[in-house]
């Protein structure tokens, strides 16, 4: 059963140095507040897993928390590049970042295999591209019935998954709706999980399109109002598109980024 | 806007892309120009176009241009919101989607695309965003519309990295790799339209936009661009197309 | 786009002699009306696919429409045996019935692979049991990353899927809710599909737990009020549990079954 | 009801099965006696028991006994209703479910079960329903509770068909076949309780129900049944247990 905790305690409980950590949320419900808390707690040597690294990982990478990144698309959506990610990959600043690169379909199926207790997933993908030569977690597999060659990718089973949801009940059952992306698979594939929520309510009224994560598959729930900003939480607040634009300027230079980082580290969660 | 026209080259590109979409079919939409083109089509000649965004929104009917592929307006107006594994497995991979839009930092003469890296993979000059959904869109959509501004820097003789397969090194490669979609149907640029040669699959300039000469397109291409015997002339944007497009992009 | 048709026309359009036909619905929303129409149209040599053959296939098998059955559990749920299924397997009455037998997990993954455009699915299953020796669509497969041995099953891609849903809109978009089982996968895995519905409405108001099949993946929609009875349609009518009990008596003997069959064939859909 | 008791042997079996369920854990429930036992447990000592039915209802809280695994009452009261592939892949196969209930037409001394056929597979004497969800419940639940009426016809020396694996032919077989669940924890019958020997996994009579002598259990078993040195005596059903069970089964 999930424990309902303070955000700082939740992050301290589930995220340890050297962990493989998946923070998910597909444009919607990105767990920024938890990401900032990981930065504040100065976690080190993390392997970050995420389909779209996005601003949240640009920040965690720039803060020097990560040794490795497993991903499929590293950009600032609708704006351009992730400058901290680029600086780490191109110049090793603030530390070298090893990468394991996949496609979206590959990552989605890797999480699904992890959630299913399977060691690998099969898909039509990667063939003819240059990615298999760079990523050793992409291998051919032959259909035992048709002889057709397809692609296998290993399951993702991160140590920790962190996601943001609209709400939880007092027992720790979590409810999210709108675009729910890969969050269920991320939580079910991980050994531990932290879900930040906009609010804790007495009862989770069923809603169209809602996904429920039962309390018994979640490690900890923490209230983080606005915890997905500058992304959005459907029914609570909109995406702050200007913040994505502004991040381009903040992150472009190491100095301006470092000033931003100092600001985050001063906040008490 | 170039002299003598009432629209920009990018507007012409969006309009041309929009016209290529067929009413009543399903289209896999990325953010930016593809989303402009698809939403323009839905408001003009293709009201029954089914918009599918990789965030899992099937049949989205946004009343403004979404600002990201996961914009709330998509979920609120969709026929159905599904998970990310489902959109890739049950919808894209299964070959249910007619048109996929792609773009990239580099394109070669066989319609292969690079969105991964400029320079060496292990020692990049410029690290680009990477694959995202593009390789599987390239593999599994029934046809692919590539939309890219044309320049020698981006239309190159040799890609630094093949992220998404067009026709590989030529005929038979898609079949050999088990790709079930038809591959690039055309490349729509700010200058004109390139289509794969039916024989050897090399991209050939088959149309130029109003005010553009074929030589300009050849000049803006990093390989010796083939030009059709008589390249067509793209009809200029209609007043309605421009009006709808501008209301979309300024709202 | 789905055409909205009369039930008899829809069945005539999508089901042809010799077809592989999947009628799905997991306890809830079983397409009985369509099954009876298949019987009335005297279809022959069908390969019937269904996780739980249930009364609906006991009837179609007893009527002599089927040459083959692909399934994972053939019983009258909560009551006992399927006597017509047994009579066909044990005594070849009214004609021999070839069987291809799987487990629920295997069948569910076969449909999911079919819906995904993959030739096969991988699962942890069957190993150590006597089923692989009897069913040649069960094969071992080795994980290319861990070396672990798992089981592969081929995709299901029936010629036709038939399901029942609560409602459709006038454009042919289909909405179902409650226990939705394997119906989406069945429709997406098939070449053609017929969806019977309780009613056609102007608008499909979103509902908690609702699954939507867009009109462009459905071949035909037909109104069949009460078309899932004696199973149930949540929000419309309850399961007629006594009918399941009564079927035990009707189906036990060939004579009483044949009398029932005459009755079905006299009805005009 | 047998003379001298206030309950039937089936009621005792349900009560014993119910007691074996642990509060706060998840339980994969089939219809019939398992559903009786699980719903009885949720109303007595295990209010936090999570009921999962293979129809895809997670955390169902029915206020009456459901009549099928897809009863509407399950969907209406569940924390979440999921698809059939999801229940088997994300929940059962992933090993998230503590207890699975199984029964069958035949059981052997190593807890293997037959629900497929009596006689030859290709020429059956009695064709049974088949696998359903049982093989994967047997493989992947953390532990399995088998509930079956004991008789020489059903507790057999050799199965006609292995549908669901218990301990196969002995220690090491589950590991060899890659089964990750623990296998049968016990067999609860109308006469008593059998548990696998920690060494060789052979089922051993470890408890008898009130009014039953170990010899009766031996007599009702088609192999030479091992009996523990001092078989325990199952505590009789409490008045509350009987009352709740009867209200469940007659409602």
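Assorted remarks:
By letter and in written order, the chains are A, B, C and D; residue numbering begins at 1 in each of them.
In this text, contacts are C-beta pairs under 8 Å (C-beta built on N, C-alpha and C of every residue); 3 or more make two chains touch, one makes a residue touch a chain.
Note that the structure is predicted; figures quoted are calculated from it, not measured.
Considering every other chain in turn, the ones in contact with both subunit C and subunit D prove to be A. Chain pairs B-C and A-B differ in how many C-beta pairs are in contact, and the one with more is A-B. Separating the centre of subunit B from that of subunit D, both taken as means of CA atoms, is a distance of 57 Å.
Centroid to centroid, with C-alpha atoms defining each point, subunit A and subunit C lie 39 Å apart.
For the pair subunit A and subunit B, the distance between mean C-alpha positions equals 28 Å. Residues of subunit B found to touch two or more other chains are 89, 93, 140, 180.
Within subunit C, the positions touching two or more other chains are listed as 112, 117-118, 123-124, 148, 150, 184-185, 209. Shown are all chain pairs that touch, namely A-B, A-C, A-D, B-C, C-D. Of all residues in subunit A, only 1, 112, 115-118, 173, 184-185, 188, 211-212, 214, 216-217 touch subunit D in the complex they form. Note for the complex: subunit C touches subunit D at residues 26-28, 51-52, 71-75, 77-78, 81-82, 85-86, 89-90, 101-105, 108-109, 111-112, 123-131, 134, 148-150, 178-182, 184-185, 209, 232, 234, 238-239, 241. Of all the residues in subunit A, the ones that touch subunit C in their complex are 117-124, 137, 139-141, 143-146, 148, 150, 152, 154, 206-210.
The part of subunit B that touches subunit C in the complex is made up of residues 24, 26, 50, 58-59, 79-80, 89-90, 93-96, 140, 180.
Residues 31-32, 54-57, 67-72, 74-76, 81, 83-85, 88-89, 92-93, 116, 121-122, 124-136, 139-140, 161-165, 168, 173-174, 177-180 of subunit D are the ones that touch subunit C when the two sit in their complex.
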